[in-house]
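Each of the next two complexes has chain A plus one other chain: chain B in the first, chain C in the second.
Then we have the complex of A and B:
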């Protein structure tokens, strides 16, 4: 099986027609579904949060079969993810796409669980530490996108499970969890 | 002696014919009896054989195939019913039933990719992948047998031959001669171009396009515009094996 780094690529990735937008509805649906899954799986495994359509994204071309997704195809697949709530356009011109391989609500649940499992209720963590600190190493939180993290924490704040506060500088942003 | 015409003559000719007929019937009956006996002997011996080699029949595909041939010669169909001696002793009915169910499942799950036509080799390979746990090897022969049983159930499954390959069709789509020819040409590289069809088969471009459009609509073909030569290619998933692992883990074919 072909790999991209340590990521195992699915078989369809080596079948040239999947890189061309299919005109027949049922075939197109299958194609979109396969690409959506691939994008989510790949981004999750590589902790990628933003895809830039104008830059080279390794998933969008396969040198082995000498095929690349057209700009239109990339738009179609990402738009499908957006429609499903698994992605968001970062800009109006649809050049950058935020990939929510976990939805914001899923992240909020994940953080809550993480806090409970590690006994962090009533303790304080900086945003930086949550993203790059030792405590989160090896968890999905490691390397999380800042914007996504803050949105998830805000959700928790609304439920009274957390309180976000700002310190003296941007680096001092932190959150206090409550049981 | 002068032959006697007249009624008496006719009567004795009729009597003679009757005699011959009786003898003939006797001979026939004796032959049939002998044959029946022989057949019974064969059957008993076959049953003994099956009992002794039950495991081999289950585990060894070549052996299994030869066993079926033997049964066929003697007029025994171990798969004829799911009950009775054969099914109980060998569980063979179950084996093919299970295979049939798995085949249907594979065909259904690959339908959106190949349009309901899958080549036998790939089917068999996917089947083996699924059955790795059971460690009971499955050959194309077994697949064909399971599919023929499916047919009896009126499931709409059919095996068609296109060129060198056998394709299993699980949808009612009928392929006409033009479609078949396209599939044959496609077997070389997995795809065709309009130009190729025109050249190879001496078709007009209209004829080629019509046939290809139908195949496309039926979900049997996919377009590919990505080659640097700019020519559109029509790929046929049913003649390729992209989902099964190819190579050394052995595709067994009969």
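Then we have the complex of A and C:
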């Protein structure tokens, strides 16, 4: 089985037409679906939150069959993710795309669950610790994108499950969870 | 009054002399007097002198009157005198003419008289004299006379020798050149007629030829199917034979003359008949441009225009013919046999696309063209149609444009790592792993 890093690639990754934007509608729909799944899976496994269209993205090329996605194709697949709510364009010119392999809501739920499971209600954590600290190591939260985390926490805040407070500096940003 | 001692010349409305049959104008001199030595005959003053092959004409353009001296009556022409006296006087040319008893100038006169041409205008007497001599020598008026005599004597049985003796065909001078030209023209005309007769003969044979060709073709076809394993050489010459027979073509083509208002209808039927054989050979589909070439070659002459061809094809909808015109999205137009459905072609394409090599590298239009036995452009059309039906997928790369069997349908998005054990995807990935 082919791998990209430690990611297991599906067998159709070596199917050359996979890298050509299909004109026939039904075939295209299938192709888009496969790519969406693949992008999400890959980003999830590699903890990739942002795809930049101006840089090479290893998933978009396959040296084994000597094919890579055209710029147009990349736009199409990412736009499909955005439409589904699984991604967001970071800039107006659509050069950077934020991949939400977990939706913000899902993140919020995940955090809530994490807090419950680890008994962190009524405790305070810094944002930094949440992202890179010992407590979150081995969980999905490890290495989470800062913006995504804050948005998820804000959601929790709206529900009254958390309270974000700013510290003296940016590093001191923290959150207090409540039951 | 002996004023008109010369026979008159009829003039045209614009004052030109009316020529005798075969008479050719040779020289014109203005301001010439015609005098007779006979004092009783009034001279003609200052007229236009026209030397022809038959006569000497004197024309007074003012009064539109003309008189002629038949050259046949000229016995002798004296050259212009060259003396000191003549240098200051108008040049004169004297002619000795024969005169009939009643004083009129005639060919078969009994005595002779001298008449003088006095050139008052700026003339070259020597040149004129030369011309005059030429004309007198060539005696062209005699040809006309001979013809007349022949006509009048046809009633009387005459020995050919005597008739031949009387005929004196001059071969020098202008009349000689004219005669030669006439002969040449006659012989060309004759040979042309003969040639066209050959063509008519050929046309009548054409029908036989085409029937013969048809018989041979049938014989070839039957012999090919009879002998299962014909060796390559034999097949090659048979192929040549078939090609040749195909291009021999159509005996009596429909033309606008023959069919008139029904032209397009008849043409349409003729085309439907003709196109059957090439369609078979081409695997059920031919590009319209190829049909245009083949059809016109078969017709030989009476070629049809591309427009006529298109109209003829579109008329097929009205008749019950086993062929149809088909236009692809790309604009390519083909003639297709109704019997050959697309499904058959797709089945062949699908099987081609699932061969091990094709699974690995896909098929190009030229690969398909080779396998299907059709032109690459048509093969591409078939591949694109198959793609639109979901049978194939395209692969665009720097290597070119290729098609693969469509595996997207086989992949279950919820379990993208699973391989159906007997699906084409499985076969495909096995083929991949084999190649390493």
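In the analysis below, the second predicted complex is superposed on the first by the 179 of 179 C-alpha atoms of A that agree within 3 Å, B and C clash if a C-alpha of one lies under 4 Å from a C-alpha of the other, contacts with A are read in each partner's own complex, and residues count from 1 in each chain.
The rule is simple: a contact is a pair of C-beta atoms (placed from the backbone, for glycine too) under 8 Å apart; a residue touches a chain by one contact, two chains touch by 3 or more.
Remember, it's a predicted structure, so these values are computed and weren't measured experimentally.
Student: With the two complexes overlaid on their shared chain, look at chain A and say whether chain B and chain C clash or fit.
Tutor: Superposition result for chain B and chain C: clash.
Student: Examine A:8 and indicate which partner it touches, taking first as chain B and second as chain C; both and neither are also allowed.
Tutor: Only chain C is touched by A:8; chain B is not.
Student: In the superposed arrangement, does A:38 touch chain B (first), chain C (second), both or neither?
Tutor: Once the two structures are laid over each other on A, A:38 reaches chain C alone.
Student: Taking the superposition as given, does A:67 touch the first partner, chain B, the second, chain C, both, or neither?
Tutor: Once the two structures are laid over each other on A, A:67 reaches both partners.
Student: Which partner does A:16 contact after superposing on A: first (chain B), second (chain C), both, neither?
Tutor: both
Student: Which holds for A:24: it touches chain B only (first), chain C only (second), both, or neither?
Tutor: In the superposition, A:24 touches chain B and chain C alike.
Student: Pick out the shared contact residues on chain A: the ones touching chain B in one complex and chain C in the other.
Tutor: 11-12, 14-17, 19-20, 22-24, 26-27, 30, 66-67
Student: If we count contacts the way the header does, which residues on chain A are in touch with chain B in the complex?
Tutor: Contacts found on chain A: 1, 11-12, 14-20, 22-24, 26-27, 29-30, 66-68.
Student: Across the complex, what residues on chain A touch chain C?
Tutor: It is residues 8, 10-12, 14-17, 19-20, 22-24, 26-27, 30-31, 33-34, 37-38, 66-67 of chain A that touch chain C.
Student: Show which residues of chain C lie in contact with chain A when the two form their complex.
Tutor: For this pair, the touching residues of chain C are 362, 387-388, 390, 393-397, 402, 404, 406-409, 411, 413, 416-417, 419, 425, 428-429, 432.
Student: Show which residues of chain B lie in contact with chain A when the two form their complex.
Tutor: Residue list for chain B touching chain A: 112-113, 115, 191, 216-217, 219, 222-228, 233, 235, 237, 240, 242-243, 245.
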